[in-house]
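Across the two complexes that follow, chain A remains constant while its partner is chain B and subsequently chain C.
Entry: the complex of A and B
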């Protein structure tokens, strides 16, 4: 390295940063973090709301399905009861006819 | 690299603020803009802090981003049509008072008139004492290109110094004995 380059090196020594630089950096950093935190809280609230809506929707859907199933079950029970009554009536008619036939033969 | 090292943001700002500010200042020639660039560089460091692996990596990263942000700022100014060279010259004139040596101040002024790639290479070489290989890694350029910028930049600066700094040449001894050498 010749003298010119040595002189250039001396001319290009690092300059002291302004005293305010670090303070401004730290302030902007704090501000950015607060904003990020604010955004994160907003997203968290949004996610929690969506979750709540999904849970309520699911519960409502489940309740609808349960109601439907309960009604189906009741209808099935009614049909079975009707079939039992019909069967019982038919048995009654059948036994009366059989008794009538027996009386006719005697 | 060891991941035992945990970067402390405030400490990194303390250690490297002069380096980042000086790089931006010498590339843009504007104290206000250099301070803004330095702030942006450190805030970007904060965003990428988890990727910094060692003190040397932090230093390399800061140099690279400072040079890149300074180049972006110069590009934006050119797009806006600001006469950069006149502005740099004026700003450096204002900064000349900060220099202890008038010759140093004039050399810095002349450096500001060099084309940007040559100025970048010279600033990293003589302010940061980097080798051409390290400059190439910092500027993401081939080593041959960096060497060429260094040679041409130095040659141009010597020529400018020879014609502008005659008052500093003592009889029988040129500045450093090689002011007008190629």
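Entry: the complex of A and C
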């Protein structure tokens, strides 16, 4: 038996796995699983936060726009009231001038 | 006393004691004070599809302010002629020209329309309409485009400003004719 055969036999000899191997493999598997889950949870939290910020931002924007619209409507009403009073006053002026004219012609 | 509308707290550019005294005695007060910023803001909210509002939007965009005070009194004689005279005098400057000045002694009604002319263009209008139980003060500052006023059909009398000018213009022409006829 030459050296090569001896070396081969030694290499192929059945040996028991160390006792800690199973525990190590299981630990490693658990660790990898935790890593994966941890990343997913982080992403989920980030997505939820972004969604919350977007919803809150949208609500704030909507409220601002609504407030602006309400103030604009009020201002528009004020303008129309002012012009209505002006219009009424000018109508009065016109009718007085017309009456004055009629009286002058008579 | 009820205050109907007040868009801004900036005061009417009129003698404040008169304004306060009138408001204190009136049974109903309508106050509208709109500065340049508020008018620009309001013009954005005018309905572009409505002809009146579209014309109103164009009209108010260039204005510097609209100040309206309407005082209603329970009985006649709650404001004095001195008070209206004070208001009138405030505008008796070279900038303002009277367009209409009418005083009916019997009824005690007075009407004043004054315009501020800058290079032949109307840059302000003051209306003082006094009836025994009602006093209306309107002050519009800024360039007023008569063609836009004429388009305000829905707002009845505003288009009538053109008629007021026409009426007073016709009267002047008649006077001139009479003068010419008299000299011939």
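Rule of thumb we're sticking to: the second predicted complex is superposed on the first by the 83 of 106 C-alpha atoms of A that agree within 3 Å, B and C clash if a C-alpha of one lies under 4 Å from a C-alpha of the other, contacts with A are read in each partner's own complex, and residues count from 1 in each chain.
As a convention for this text, a contact is a pair of C-beta atoms (placed from the backbone, for glycine too) under 8 Å apart; a residue touches a chain by one contact, two chains touch by 3 or more.
The shown structure was predicted, so the numbers you read here are calculated from the model rather than taken from an experiment.
Once chain A of one complex is fitted onto chain A of the other, the partner contacts of A:91 are limited to chain C, with no touch recorded for chain B. By the document's definition of touching, neither partner reaches A:59: not chain B, not chain C.
By the touch criterion stated above, A:48 is placed in contact with neither chain B nor chain C.
When the two complexes are overlaid on their common chain A, residue A:2 makes contact with chain B while staying clear of chain C.
In the superposed pair of complexes, A:29 makes contact with chain B only, with no contact to chain C. After overlaying the two complexes on the shared chain, residue contacts for A:13 are found with chain B alone; chain C is out of touch.
For chain C in complex with chain A, the residues that touch the partner chain are 4-5, 7, 30, 32, 34, 38-39, 41-46, 56, 60, 66, 68, 70, 100, 102, 104, 109, 111, 113, 127, 129, 131, 136, 138, 140, 152, 155-158, 160-161, 163-164, 167-168.
Here chain B touches chain A in the complex through residues 9-10, 13-14, 17-22, 25-26, 31, 35, 38-39, 42-43, 46, 98-99, 101, 103-105, 107-108, 111, 122-123, 126-127, 129, 154, 157-158, 161, 175-179, 181, going by the rule given at the top. Contact residues of chain A toward chain C in the complex are 69, 71-94, 96-98, 100-101. Chain contact summary for the complex, chain A toward chain B: residues 2-18, 20-22, 24-26, 28-29, 32.
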